[in-house]
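The structure's right below; bear with me while I get my questions together.
Per-chain numbering from 1; labels A, B, C and D assigned in written order.
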Amino acid sequence: MSQHIKLRYFAWVRERIGKPDEDVEVPADVTTVGELMTWLASRGEEYAHAFENPKVIRAAIDRTHVKPQTTIAGAGEIAFFPPMTGG
Amino acid sequence: MSQHIKLRYFAWVRERIGKPDEDVEVPADVTTVGELMTWLASRGEEYAHAFENPKVIRAAIDRTHVKPQTTIAGAGEIAFFPPMTGG
Amino acid sequence: MSTITNVRIQNEPFDTAAEAAAITRGRTDAGAVVTFTGICRGDENGVPIASLTLEHYPGMAEAEIERHVAEAAERWPLIGVTVIHRFGRILPGDDIMMVVTVSSHRAAAFEAADFLMDYLKTRAPFWKQVEKTDGKIWVEAKATDDQAAGRWATSGKHQAAE
Amino acid sequence: MSTITNVRIQNEPFDTAAEAAAITRGRTDAGAVVTFTGICRGDENGVPIASLTLEHYPGMAEAEIERHVAEAAERWPLIGVTVIHRFGRILPGDDIMMVVTVSSHRAAAFEAADFLMDYLKTRAPFWKQVEKTDGKIWVEAKATDDQAAGRWATSGKHQAAE
């Protein structure tokens, strides 16, 4: 069973993908934040570019920082962005 | 030969002596700041009260902090006051 | 001690003096007000810049800053703290952010303001883009700033002695 | 670096924000503005007070403060420093003094403001009288304040690292 998730992108992740947010149906075999990045990277050139170096991408589930190994089960909104740089 | 000096008093030194400033003729045998305090203390009850504990009195010659052993030769204005307390 | 806290992320300019006055007005227990205002400079490491653009994650950014403000209020006896951070395009000479801390004693107000500024300048939840003559670039996180913020993790010496 | 310095001792209230703006107006090299405002509290160690009265030695007081401002400008890369200290009778809730420091970087602005405040609160050339319900008393110099000011005599750690 697939999972419906809202995705949000910020800074150069947003620029590379070309949109600030989208709703996706994530396949059932994608269970962690890291796997979600790998799956997203396979969706096209712009995604491949955005996620070409997953180590520098940070993620948040429902506005809380999470690690690549965190499960995405139950997530409403997942965001991807570069490390924050301060104001 | 006596020396003409303007004296200024601040805070409780001023309150005890009862005036903010005065001009005095200092006898020739009074040569240091400490001797000046001793001489002033002999001028009356209010002065004796102000200078009863000379160790807690600070002095400045022409707006520069000085020690009791500093000579008063050439001084234009000598001020006596308690230690400053900050604002 | 209950601390008046106020965190805002906004596009509009702010008035640091008005924010300080809003905390101290009508009270006689405030002895020290510290304000820090961060201004957009016209250069980055000697290279002229045309503008800064700050992006944030609405909702998450406020919550992150509020958590640090709450930590400051735990560590120091503060009467009030206000933090305002702008987002969007900011020109050289314009204000970027401000911190106001109010306490009965100056050490607490100073140290809390210093602590919050370290956090805001290094780990505030913003992405910064700098516009130079040859285009726009995203700024990367700086190691030296992280070291400054790291001061607060271990030391007791910055705690208010009063 | 030439620093804009301004020291005033006055009976009238001051406007901290206007003093900060006077330094930064029209320039794009200022990245950090720190202000400290000292306010007259309604109590001293829990005992209510009706007023403070500050006395100074005109001419000498300005020169002493100016010397410390010059020292701050030597130690930290500052664009501008303004110090205003009031004298006369001051009521609880009223401002007593302010320090504004402006620099390209926050560490210099913060540390210079902290240095000047330590000096002003402990050794500024003023005599302070406190009016309580049972009369007026002259405040004596405090040992703890002297220790805080003593921090600056020996340490290198407070120097701006930028």
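One rule holds in what follows: contacts are C-beta pairs under 8 Å (C-beta built on N, C-alpha and C of every residue); 3 or more make two chains touch, one makes a residue touch a chain.
All figures in this text were calculated on a predicted structure; none of them were measured in a lab.
S.K.: Tell me which chains count as touching both chain B and chain C.
M.R.: Joint contacts, listed by label: D.
S.K.: Averaging only over C-alpha atoms, locate the centres of chain A and chain C and give their separation in whole Å.
M.R.: Centre separation, chain A to chain C: 29 Å.
S.K.: Please work out the Cα centroid separation of chain A and chain D, and write it as a whole number of Å.
M.R.: Computed from C-alpha means, the inter-chain centre distance equals 50 Å.
S.K.: Please report how many Å separate the Cα centroid of chain C from that of chain D, as a whole number.
M.R.: 22
S.K.: Send over the residues of chain A in touch with two or more other chains.
M.R.: Nothing qualifies.
S.K.: Among the residues of chain D, pick out those that touch two or more other chains and give their numbers.
M.R.: 38, 121
S.K.: When you check every pair of chains, which ones turn out to touch?
M.R.: A-C, B-D, C-D
S.K.: Provide the residue numbers of chain D that touch chain B in the complex, in ascending order.
M.R.: Residue list for chain D touching chain B: 38, 54-55, 57, 59-60, 63, 85-86, 96-97, 120-129, 138-142, 145.
S.K.: Quick check on the complex: what are the chain A residues that touch chain C?
M.R.: On the chain A side, the touching residues are 8, 10-12, 60, 63-64, 79, 81-87.
S.K.: With touch defined as at the start, can you tell me which chain D residues reach chain C in the complex?
M.R.: Its residues touching chain C are 15-17, 20, 24, 26-43, 92-93, 104, 106-107, 109-110, 113-114, 117, 121, 144, 148, 161.
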